[in-house]
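Down below are the structures I want you to see.
You will see two complexes here that share chain A, one where it goes with chain B and one where it goes with chain C.
Showing the complex of A and B:
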């Protein structure tokens, strides 16, 4: 189980990944947003038993990961967070849909199992696509582009602030947990008696720290409702990438 | 020139943090703001960049009076370095942190990169450009925090307890760097020796009021310092 300092580093790892210089990183953020959007919509449009038809889309994560030089381990650990929710959603299908869909050798695969597998694969592809977007695009570029696309400001701000402050919250948690551990005879975790005040303090300290960081940001010209400046030029490669991703996604869908 | 006239700052709970303060900071001048904890040093600095807006009085940068509508412009001209560098370094690398200000002001990428490179070079921290703020020493963080403000090419610099968390060597390094910077500086500090070495003028603050304004000889007036709770 990784400790809190590892968690803090992991949260910031996406920021570091987004600062890469590969061909995927250098694409216009708009291209990446639209490609991701189209890809997710098409994946979501597949039926509940379309496991086999979804298989060709597995190329997408592998190609992007290779081109963007992203670490598979980190992305996989993020996907594992979503896994229980998908399992929970799909497990009832296994119980209630027992009719055999097909057999592999002597093993009968029921519609329930097929449906669970499809949900898992859909989840994998969609979450991967979203992670690729975050791991190859700086959050500032991403939110600027979302503002230009006239996504309601409140959503953009929530995204921006969550991304910025989640790390701050973890840093506070880390320093509080360290101080607690040093005075608690190195017992594991926080005693149930102290959870209330611990979390209360964390919340207050988080607010306080976030306020100070926000002040420092404002002092350097940041405003919440800042109008996004000129759009980055769209290159031939951007157009090619967008057309290629859309074309291939739609092609596999109608095949 | 930065002119502060009869400045009054009150917090929403009615606490008067700054009470009728008047002084000026000339171009290139270094002023130390000395005072006990709670004397109003940080509030004074925050008001000069419009984080706290005055209830009465006026802050004037050149011919321009600080108002809500020109805060963005004023903040590009008055840079503030916070007491805790961790509050100021929130990006993934020092390069990104230093570029944050210029990018907020919509400078194009080429100019931003040039500014960042020049600033890091000027402060002799080019080697930290790609490092994460999490992995820097206290002294390095402090210089990096100054770089984040310097990249905006301000006319005046405000420092809140710049020597906090620094060891003697880092403190000496900071002093050397600050003495090389041509901007006018307002330095809020408890470090009297640091203030004496760097500043030509001292403002002594108590309960939000200036109780002494003069040369560094103020720092040797034990009776006055004791009155101010130092």
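Showing the complex of A and C:
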């Protein structure tokens, strides 16, 4: 069984990181969403052998991480999740593209190796950019901003609910998994024979709980259609950041 | 099976983002119109969180020593009906993308399409529902779950292959890629089907009303497939048209080389021909997606600008400078 408590701690770690008070944290969420998106699109638009041209973009993760005071270790551990599929695609390129691109001393670098390196660098940049967004923005601020962007309210509510119930269900799952583990000797994981009742039970407990919570909330006057959140001011720094990130990204793209 | 940003070109990724956003928009409208909406939303949250939690559980398969995880599209559809399941799945994928970097931000639309639209809006109404139409029983639920999950993952894997190739990131020939992906996903699909069946049967046994009451609500479940398909078709035409304005005039030889290798090397012409029209469409989009003309290719080494020793050294120096920059800021902030 993967260490469930570790996963829960990781979610909470991002939550507490997002509560920081640095320059980056204080930016308007909209600025961050837009600049992240522009950055990722520009990165993805590079060709498959553009390893060297991608180098200037490394300033982005280093500078943002330093400004937002984010821990390197936690972010890097998140990258490992995406690694396998990218690595697979990259390694097949090494096998299929053996033409020499250029030589370094007496070592020939093939196009395949070059494209592997490019995929890895692209992955690093994109994943980092996305992680910065969430590590410096509270989920409530993010969903408020989504609502302002006219993402349908129902969908935003579903998003919020799912996120909140993850914490609740993880605790439930954790106690169930511990109970299962204690009764199953030294065996690892949940046997497929028991998975129906294991997950089914988790679901039914969750449903019951959700109904109770929903009733309680209704009693206190909750409706789905709440008042729209107040507009957050866009400061000069917000505009500067957005323009700067976009300008630099595009500049190095066309250069 | 989550796709990553690094493996998609912006044109392909954005097209999928628009398509998935449209699917979410249509679904939200549908659910809003329904009375059940308000009651079902908390359940959607819980069911989504459950799938999320279930993905963390290692499930051991006796005798094999291997373990697997759950995708969840069909399971959600079986519990909630197709539209709520799709929205729930989209929410899960967004959360996974943001908090676990599982699938990139740009690739979100592709992932929502492959893991949400395909199982919940296509496979569920077209395969699962007809199979249990005769009435609910353990056997029917099990058969429907397994077939649907397997079919969903097959279609999903095929779309992943298509999108990756359209993005021209991998040098893998179409056929080889397909041969690598499809059988693995057949096994995973059957496995997922078994888990889905087990959970649905358990819930049906304990609380049949959860499955039957949601199922009987035809208003929410009976989405018009024609409308959805028509919407997708219109979108594809509009986006394809927009992209072709930006398209390069000289599509490179990749399309036909991919076609040739598949046909010749792997002898799977029949399979490809069966997919003929889809493939041709895909090919024409592929021709149009090269909207950044200075794309460097192996066939044209002159274009691989800057790929030399001096370039590499420059890149390394940039890396050091960037790192130093970060270090200085950190130091300055601390003091």
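We adopt the following convention: the second predicted complex is superposed on the first by the 198 of 255 C-alpha atoms of A that agree within 3 Å, B and C clash if a C-alpha of one lies under 4 Å from a C-alpha of the other, contacts with A are read in each partner's own complex, and residues count from 1 in each chain.
Going forward, a residue touches a chain if its C-beta (ideal position, glycine included) is under 8 Å from a C-beta of that chain, and two chains touch if they have at least 3 such contacts.
From a predicted model like this one, the values you see are computed outputs, not experimental measurements.
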{"item": "Touched partner set for A:202, first chain B, second chain C, both or neither", "value": "second"}
{"item": "Most chain A residues touched (candidates chain B, chain C)", "value": "C"}
{"item": "Contacts of A:164 with chain B and chain C, given as first, second, both or neither", "value": "both"}
{"item": "Partner chain in contact with A:65 - chain B first, chain C second, else both or neither", "value": "second"}
{"item": "Contacts of A:106 with chain B and chain C, given as first, second, both or neither", "value": "neither"}
{"item": "First, second, both or neither for A:126, with chain B first and chain C second", "value": "second"}
{"item": "Which of chain B and chain C A:219 touches, first, second, both or neither", "value": "first"}
{"item": "Shared chain A contacts, counted only where both chain B and chain C touch the same residue", "value": "164, 168, 209, 213"}
{"item": "Chain B-touching residues of chain A, taken from the complex the two chains share", "value": "8-9, 12, 15-16, 18-19, 138, 140, 164, 167-168, 171, 209, 212-213, 215-223, 226, 229"}
{"item": "Interfacial residue positions of chain C with respect to chain A in the complex", "value": "2-10, 13-14, 24-25, 28-29, 31-32, 37-38, 41-50, 52-54, 56-62, 67, 70, 79, 87-88, 90-92, 94-95, 97-106, 164, 168-173, 176, 194-195, 197-199, 201-203, 206-207, 210, 292, 294-298, 301, 304-309, 311-312, 314-316, 318-319, 321-323, 325-330, 333"}
{"item": "Chain A to chain C touching residues, read off their complex", "value": "1-2, 4, 7, 10-11, 14, 36-37, 40-41, 43-45, 47-56, 58-59, 61-63, 65-67, 69, 78-79, 81-82, 85-86, 89, 92-93, 96-97, 99, 101-104, 111-112, 114-115, 119-120, 122-123, 126-127, 129-131, 133-134, 142, 152, 154-155, 157-166, 168-170, 172-173, 177, 187-193, 195-204, 206-207, 209-211, 213-214, 224"}
{"item": "Residues of chain B that touch chain A when the two form their complex", "value": "46, 49, 51, 72, 75-76, 79-80, 82, 84, 86-88, 90-93, 96, 100-101, 103-106, 132, 134, 148-149, 152"}
